[in-house]
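Some notes on the structure that comes next.
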Amino acid sequence: MALNTWLPLIVVATSLFAALGIFLLREERHTLRSAFNLSAAAIKLGLVIWMAIGVLDQVRYETRYTLIDGVSFILRADPLGIMFAGLSSVLWLFTTIYAIGYLENAPNRSRFFGFFSLCVASTVGIALAGNLFTFFLFYELLTLSTYPLVVHRGTAKSLRAGKIYLAYTLGGGAVLLLGVAALHTLVGDVEFSAGAGLRVLDPALHPMLVVIFVMLIMGLGVKAALLPLHGWLPTAMVAPAPVSALLHAVAVVKAGAFGIVRVVYDVFGIEFAWQLGLLAPLAVLASATILYGSLRALAQTDLKRRLAYSTVSQVSYIVLGTALFGPVGTVGGLVHLLHQGLMKITLFFCAGNYAETLGVHRIDELDGAGRRMPATSVAFTLGAFGMIGVPPLAGFVTKWYLGIGALQAGMEWVVAVLVLSSVLNAAYFLPVLHRIWFRPQRAPWPDEHFHAHRDTHPWLLLPTLATAAMSLAAGVLAGMPFSPLYWAEVVVHQSYLP
Amino acid sequence: MSVALPLPWLIVVPLGGAMASFLVPERWRVRLGLAVLPVMWLVTLAVLGDLAAHGVQVHALGGWSAPLGITLLADGLALGMVALTTLVFSLCAVHAASHAAEKGHNGEIGFLWPLLWFLVAALNSIWLSADIFNLYVGLELLGLTAVGLVALTGSAEALAAAMRYLLAALLGSLCYLLGVALLYAAGGSLALGDLGTIAGSGATARVALALMTLGLILKTALFPLHAWLPPAHGGALAPVSALLSALVVKASLYILIRLWLALDPDVATAAAANLLGALGAGAVLWGGWMAWRQTKLKYLVAYSTVAQIGYLFLFFPLVTGTSTIAGGLAWDGTLLMLISHALAKAGMFLAAGNLVLAMGSPLIADLSGISRFRPLSLFSFGLAGVSLMGLPPSGGFTAKWLLLQSALHSGQWWWVVVLIVGGLLSAAYVFKVLRHSFVEGPKRDHFNSPPMAMELAALALAAAGMGVGLAAQSPLTWMRIGSPFGVGG
Amino acid sequence: MSRKLLAALLSLTVTLALSLALIDRPLPTEDLPARVGQAMQSSGVAHPVTAVLLNFRSYDTLLEVGVLLIAVVVALALREAQPDGPDRMGLDNPLLRAITAWLMPLMLMVSGYLLWAGSTRPGGAFQAGAVLAACGVLLRLCGTGLSWLEQPWRLRAGLALGPLVFLAAGTATMLAGASFLAYPEPLAGSLILFIELNLMVSIALALISLFRLAPPQSDSPHFADRRRSRRE
Amino acid sequence: MSTMIAAFGLILAPALPLLMALLWCVPGLRARVAGWTPWAALPALLLALGGQSGASVQLDWIMFGTVLGLNELNRVFLTVTATLWLGAGVYARGYLAGDARVEQFCLLWLATMAGNIGLILAQDVASFYASFALMTFAAYGLVIHARSAQALRAGRVYLAMAVVGEALILTGLMLAASGLDVPLLPMLAALPEAIAESAHRDLIITCLFFGFGIKAGLPLLHMWLPLAHPVAPIPASAVLSGAMIKAGLLGWISTLPFGLISLPHWSLFMMGTGLLAAFGAAFIGVHQQTPKTVLAYSSISQMGLITVGVGAGLHDPKVWPVLGPAIALYALHHGLAKGALFLGVGIVGHRGGRLISPLLWLALALPGLSLAGPMFSGMAAKLSLKAALAAGSSIPAWWQHLPLLLGLAAIGTTSLIARYLWLLLEVKPGHPATRSVWLGWGMVLGASTFGLVALPWLPVAAGWPPDLDYLPDLAWPVLVGVILALLAVRHLRAWPIPAGDGVVALEWVFAALVRGWRGFRVVMRRHTRKWRWSKPGAKATPSIMSLYGNRLEQTWRRDAGLIFAALLVVMLLATVLG
Amino acid sequence: MSSALFYAWVGVVLCGLGLFGFILHRHLMRRLLAFNIMGSGSFMILVGLAQDGRGADPVPQALVLTGIVVAVASTALALVILRRWYRVSGESRLPEDV
């Protein structure tokens, strides 16, 4: 059926056209732009859901186009891709609503929303990429479309953050290009098909493959904020709240982690990676990042920077999951891809609400926020407890699967890392909760708005509560079909374990 | 049309256009200039059609075949360049025309059009010619026209730049002429086709190649000899500098590639090829660094040309003495880089021209807040920048990808480092400009606004730069017809 | 000092390389003069150089004339960009004017002869054009302005006459089905002569206007103060 | 049909408080929900009394598939918890009538209750751990209700130790569950034999023992107890020490491999810590200044005794069938008695220590005495404990002295109770005790003294009514304790041991650590100042490279000719010699 | 050594001198003259070398004729630009050589 071949392209194209449309709109056409934005987000979500259903009963969606002979542009909807695409399209819908509310009368909104939809187009492109080349293509497009968002405010600080962001991501992109090109010379067009291609190479090339693996991981590690390459994430927190919410909690950071998942599972194949002995060092690196991120978060005084460092540590759970040899560890890693997205975007929304409604940026200004903004604070509490891994919430599901997976893979020390990081998470989230709920308001709010509304502007509150509810449901109703856990299991059983 | 369109039309039409616009009084020159464009397009498309239908075309001028007379050779490479020239020229012409219309008929624009058409004629004569002395005359024609275009504004900097450019051009073509003399003495014939067989591989041919190479890299402004390019391209009018950077600089490289492939393989030694590669690497690094340090917008773009030319010279080490696969990849990569650079650089120069016009000052620092008033030009500047940086999905990226593959296949991994670092450096200076445009500087609400056509021309070129990346397959297969690397591969 | 020494050394090396190319030279396999000899009778002229110049490699000549035209166009453009003062060239010296009056007819006759001799002996459009240009320069030096040259469009027409005729001839042959610039056998001789005539006119005009379009010596704006700055 | 009711009852017990907590969020309903808070524990009590054990319900959508069930063991715990929550709830309504933050208290009360009940009924690991965490974190709100400085400090210590406890429990559960054949749907019941066979048995037991130990107040892990209880409002501390400590015990019982394998060195270690806790806590408790702290230390010492029982259970598999019920019974008795004592403090506050009537004094002393041994439920519990210890077959030699040790512990308890009563005298009149306060206290008091008898299904090992020959060896410790107390009143002065003893040292160490880290950071920052990215404040100084760059560019331009010639020579060399 | 080769040698020497002059001198007029010397040298090589050991060869002579016209045109243009530059800046050298 022709539609199957064009659907992935249409999904990516919806937000591309939305971006172009918005760019052409003049600055003062607000309603039309919001309508454009929201309809594009809705259409994309609908299409992704349709594809998700299709993928469940083995329908094959694939767009293939040869760029130059030997290199083709493939968009394919496989379970893993659909999972990430689903996440980003759902969260894009909410973040668009949030952004419209957040940038009520800010300048340069056409530019903002244009690049915003461009960025999501590249994220979905990364999700649906069928081979390493297409993945790299959208990976770099993501860098380009996120830079203008990071420097949107135009202040000296945001421009400096933008410069650091660029240095890291373009450097990473260059190393990734090297890895992809080297792999290409060895194996030709590397399609994501559970690493069939690499196993057959003769053993003489194995050291070369290890070098390539290191290059790929370094390139992807920049966006996945692995230890030495995470410097850009905290500085990029100067961006407006919706940007730091969608991008640095979901799109950019997840693209890196998703890339590592693709490389380990679809390019090298988990057995071959295990045979080459690549998984153990990756697990060590991920664990180091987990602990380092939590420790640094402990010392931060600015709320968004603390959340940023927490993102640094949380994303490495996904990497840790991929590094665990065995289905349970993989499921843990993949399900955290969704859980962390839901939880972290809720936290960033709340941080944005606090900043926008009360003008609060530092943690010690948060005293008594619970009384003034109960709904946002409840959402924040849910997100925080989810992050700590308190059982009914989503975080626990991930930690449980990762723990069991680690034990089955014979890496007992990973359990210690998981538990230690939960303690550290508690150490930097609980004081914030304590201030919000149990401390009286010491000083008048620095810059209070939305007095009329009970909590904050409905456009800001609605997405926050929605994502909070979804993260709660992802945890509590983990057993339900179509829950993140269910989908992660489908991915593992359908594509990686015959 | 069963019988193929004779090739000389590609030269006659622009020459005729030049002479006509030279004769016609000033008021009509712009309209006449634009009128000749569709004819030019028709001829180009017809010849391209013939290439597809009948393959490589040869036209013996004056009825005299190769050794005695001059022949025009239209293989994939030549016609690819002709098509590129037509595309870039038409958009620059549209830009110049709308600029002239908007500014009213002041003096210096008057003789712009004859010179522009002479430029096209010179370019087409170089792409098509298969005779080394005829290439010399084409080079001279091109050199003088380019010098004239640079000096057009009559200001002190323009005249100094033009003088420096002219001296460099003269020295370059004189060395080339010396090379022609030696080759004629050694081989007895001026035809490019059979040069390899008759010129032998003695000292004469080697000295001739060295002289010609030096003459041509001086005219292409390769790294140590690049000093004349930035003032010339930075100071000229926007459409002029676009044409200079996109096409004129490439003509001498084109001749060098033709020579390098025509001569006997062991005349073009690996040492010479690596020397050229090293100079190219130097160009990429030095050009990138200097572009990053510039404070004037057009000078930044000019130095970016110096840098990007470096990439093209990686062709020589990747072709001499390597496997056919690596050679084929290098051929595709270099030509795609040439095309996408031409499109992107022309687009960037036009966009830069629009921005300078809108801001009223050449400095990058004054760009703050431009994104609210001239978003389209800034967008096309960014788009062209993406192609120069070699980020997907642009043509620059696909070309860089092919060169990377070729370098890895041929085992010369050090060019990979040059490609990667060059990409980062170009990212540095492109984002330097974009960064300034994001600064929410002092409230500057008064920007003069160039007409829409100028912005659309810049956008069209930048978009073509990206498009060539996506649709890289067709131009590459065309360019392989009649190339030493054969079809496919 | 070191720059001079370095320049000398480098030039010497280049000269050595050139001389090496001269010494170790294979005997050329291709023999173009013989080909020219065979093709002479269909070239329409007796003198081989003119045959090569205007028939076998006529395309070169066309481009070469284009080069000359471009030089003039650029000169015209620069004059437009930098308008000069009134043209006060020439010395009002009666002796010079008298001699010119005597020499002028002789020079005109010589250029005519050169043009005609081109088909059988060394000569042709370029040499004739050069002599004519000399007349023009001489006239300009002795102050008699060529009034009809003042008309811009007439100057441009004269300049473009040669190349246009050449181009038209070539295009005509192409339209007639033969390849570009392939003169039909019988007409070749007279066609070449006609082209050479027009070329002569254009070349002469081009060289004269190149001489004329340079800015006059005295009216450069900084002339005065530059002199003073030099003296302090 | 009956399974339907049982299932509904099982779900309703934990779900009702959660539901009411959610309703609490709606501002309109808040006042009414606060009113109804005490009765949220009713379904749990009815389930404990009425429901039949062995019923279970499976909700596979929640978490990894939640299973709630009732069996003999957790039924006992459910009874004590439900009664205490009910009584304390009624008591709280009266006690906190005037308090400004009563609504917030109710929300946290409901949440903690839901956690506590859920934890008892949970059969699968995930929901067990979920309710455990909910109870722990919600209890933090109860502890710091007063918002005073000590309350906040106590809260901090409580939270820190709770988090560490949770982490240890999670590790233990995870390690144990990995041994199961279906690790992703771990059943609590399946854990013991998984631990028995697992390779990391000792590691798991350590994690679980110390993880739950923090909640149960093991020595060196008990610091939060004496800090939290005095600051918490009286009903909260009653529930805290009555019901929530038992959660730790329930954790031990349902996870550790009792009755499967014998772990002699583990049992020795546990019994040792139990005895240490019993005597140490008694010794420190006597020297405390406030009644509630004394009671806290008495809870620690009682839990020490229970730990001894647990340790014994581990030593000899055959002992467990007898010992398990005994421990449960003892826990039930201790919970109710401790709850009554705590609520008693509030009653005394009604008219001040000096003025209350002798009858009231007797009522207050009754649960204390039962704790010490001779009175009803206390006696039953002690007897069954002693009988179980005697029944063991291959018991080590020193177990004969256990009855003597238990007796000494009883002396300790009696002295603690005496100290408690002595301190009650100084309590100044404060809170007027409303009707619901009396009702709540009465309920708990009644349950603690007579409750044991009324419940037919209670696993009373030694049979009922207890024959009289055990009476004398139960009574002598009480007598000795009373004599000691009378002497102490005359001339012993209490030593100034701060409440929560070890924690003071711990806090000092932690503060020093933080100070050291901050100092190190300042040094590091000063050192790295130099090579940071472009410092935000730095003016864009034209770097030497750009100056050098421009000068080099000038030379390119000036000596273009020279460079050209040089390159020409190099190229000639390359081609000719090449 | 045939007479044609003699011309070629003279041409080589002229080229060397022309290159030396072009590199060394800063004054634009001198550099232009050096360029013309070098041009004549190359023309002599072109004709001399081609005719060495063989009779008169019309092709190089035609080439030289074209070369001369091109040289004249470029020198004339150089002079025009030189004069314009001199008129604007009063300098007879390029800005970097002043």
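What to note about this one:
Going by the order they are written in, the chains are A, B, C, D and E; count residues from 1 in each one.
Quick note on the criterion: contacts are C-beta pairs under 8 Å (C-beta built on N, C-alpha and C of every residue); 3 or more make two chains touch, one makes a residue touch a chain.
If you're wondering where the values come from, they're calculated on a predicted model, not measured in any experiment.
Think of each touching pair as a link: the shortest run of links from subunit A to subunit E has 2 of them.
The most centrally placed chain, judged by C-alpha centroids, is A. By number of C-beta pairs in contact, the leading pair of chains is B-C.
Ranking every chain by how far its Cα centroid lies from the centroid of subunit C, the top place goes to D.
Averaged C-alpha coordinates put the centre of subunit B at 78 Å from the centre of subunit D. A separation of 28 Å divides the Cα centre of subunit B from that of subunit E. Separating the centre of subunit A from that of subunit B, both taken as means of CA atoms, is a distance of 43 Å. Our note on geometry: subunit C versus subunit E, Cα centroid distance of 16 Å, whole angstroms.
Among the residues of subunit A, those touching two or more other chains are numbered 163. Multi-chain contact residues of subunit E (touching two or more other chains) are listed as 15, 19, 22-24, 45, 49, 59, 63, 66, 70, 73-74, 77, 81, 84, 88-89, 94. In subunit C, the residues touching two or more other chains are 3, 7, 10-11, 14, 17-18, 20, 22, 25, 31-32, 36, 57, 60, 64, 67, 70-71, 74, 78, 82.
Interfaces, counted as pairs of touching chains, are A-B, A-D, B-C, B-D, B-E, C-D, C-E, D-E.
Those residues of subunit C lying in contact with subunit B across their complex are 17-18, 20-26, 28-32, 35-36, 39, 55-60, 63-64, 66-67, 69-71, 73-74, 76-78, 80-83, 153, 156-157, 159-160, 163-164, 167, 170-171, 174, 178-183.
Considering their complex, residues 19, 22-24, 94, 96-97 of subunit E touch subunit D.
Interface residues of subunit C, counted against subunit D in their complex, comprise 3, 6-7, 10-11, 13-14, 17, 20.
Interface residues of subunit C facing subunit E in the complex, by the touch rule stated above, are 3-4, 7-8, 10-12, 14-15, 18-19, 22, 25, 27, 31-33, 36, 48-49, 51-53, 57, 60-61, 64-65, 67-68, 70-71, 74-75, 78, 82, 126, 203, 206-207, 210-211, 213-215, 220-223, 226.
Residue ranges on subunit A touching subunit D, taken from their complex, read 156-157, 160, 163-164, 299, 328, 374, 378, 385, 389-392, 396-397, 399-401, 403-404, 407-408, 412, 415-416, 418-420, 422-423, 426-427, 430, 434, 437-438, 440, 475-480.
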